[in-house]
Amino acid sequence: MLTSFLQDKQLTIALDGEIDHHSAQRIMQQIGGKIDQFLPASCILDFERVSFMDSSGIAVVLNARRRMNELGGSVILLNVQPQPMKILCSAGIEQIAKIS
Amino acid sequence: MLTSFLQDKQLTIALDGEIDHHSAQRIMQQIGGKIDQFLPASCILDFERVSFMDSSGIAVVLNARRRMNELGGSVILLNVQPQPMKILCSAGIEQIAKIS
Amino acid sequence: MKTENFMRLEFPSHSANESFARQAIACFAAQLDPTLDELGDIKTAVSEAVTNCIVHAYPDCIGIVTMKAKILKDNVLQITVRDHGCGIPDVEKARQPMYTTGGSERSGMGFTIMESFMSDLKIISKPGLGTTIQMKRKLSRKGVRP
Amino acid sequence: MKTENFMRLEFPSHSANESFARQAIACFAAQLDPTLDELGDIKTAVSEAVTNCIVHAYPDCIGIVTMKAKILKDNVLQITVRDHGCGIPDVEKARQPMYTTGGSERSGMGFTIMESFMSDLKIISKPGLGTTIQMKRKLSRKGVRP
């Protein structure tokens, strides 16, 4: 289960490990479940402990962003390591989610 | 090159990395070269940084022991980690070299 | 190692084997002494190619995926990933960024990433017969390292 | 993973591939969540079997080594290592501890180690045609871990 906490309507979810197609579906479901549960104003995905990610991770971010759009909120990506950053940039993700 | 030092006619050689057939020949030559150079009374092989060893490592010890026998000296194995220890024990190496 | 080296790895299209394939290529590439960055690129490209076999080539069954790697001269690593699955009807379309037949779980960025992280991406596909992906990567040579 | 998994890996008999074969089996075995000790045993057995192909089966040439691994029920890993090299004239003799045709660089302990670290060691060999080594290892089951 992903760790998460809520503060001032801001939901922070800490992702973990390698994100590929094998792990992505479970991660998407967990993120979706938490957003549905807390209905936050913004959703922070903490990538600090994501050691590897392929394009399946892009779909994870896109899905989170779609859910947050429905709530009128935003998605922020935190502590993105070099390899995942390369993938996110190659998909132009900085145009749809804030990377900080 | 393996690090080594000589004190009171005792030659200590620090082995390093994984010992398999690929690396063993070079290691044997280097140990032999150092014994020939210093003609020590005893030869200590420090296994602290040997992370893996297969039966090629047994041949390394047997070769060192053969050289030291010719000089009337002994071979002592130091800081042997669990995996290499298992290999050495399965070959009954404690009967021909001191493990401390 | 002076003489040419290669490997050929076969495994069934279970999604758990995506990480196995990545690790296997990383272990094989280790002999070329790649940088962390280069290793990341190679693992990503393999992850994309193998995932495509699992998701697209064999959508309803488990089939065999074959990954080959070969060391060419001048520190070039050549990787081939092959399936005998459904094939790609229109390769030009499939190569386009964001194009996917995989729904919201896929981003359509697989080929785009392979193309930008590797060189000479070749896609050979016959509907009903399967797909072969070939790509290369020149690694910074050991001697040249600071 | 519930469904049966396997892999098949081919590589040329360069001695640099000994460590590649060890790492590949370790990556594949990872799905069974082995202990460090179990992983060490499996890597050692593979190192012995692959080295034998490199040193004994193909003494004067480079040949192909095939390593297969398969997950059987009850967390059993089965490993097969095969060459098409010179073969073993007397398998019973070869299995004896300290028996080697490899001179002072070999200890003659390879088969003894495979036998004590793994179970069901089978050696099938035909002079001139090659050798197949098959061995198994039951891993402590994940559920039973403290």
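Chains here go by letter, A, B, C and D, matching the order in which they are written, and residues are numbered from 1 within each.
Going forward, contacts are C-beta pairs under 8 Å (C-beta built on N, C-alpha and C of every residue); 3 or more make two chains touch, one makes a residue touch a chain.
The structure presented is a predicted model; accordingly, all values stated were derived computationally and were not measured.
Common neighbours of chain B and chain D: there are none.
A separation of 42 Å divides the Cα centre of chain A from that of chain D. Note: centroid distance chain C to chain D, computed from Cα atoms, is 27 Å.
Taking the mean of the C-alpha atoms as each chain's centre, chain A and chain B sit 52 Å apart.
Listed for chain A are no residues, as none touches two or more other chains.
For chain D, residues that reach two or more other chains under the stated contact definition are 16.
Inter-chain contacts, as defined above, occur between A-C, B-D, C-D.
Against chain C, in their complex, chain A makes its touches with residues 18, 20-22, 24-25, 28, 52, 54-56, 58-59, 62-63, 66, 82-83, 86-87, 90-91. Taken together, the chain C residues at the contact with chain A in this complex read 15-16, 18-19, 22, 37, 40-41, 43-44, 47-48, 51, 54-55, 104-107, 109-110, 112-113, 116-117. Listing the residues of chain D that touch chain C in their complex gives 1, 3-12, 14, 16-17, 20, 23-24, 27-28, 30-31, 62.
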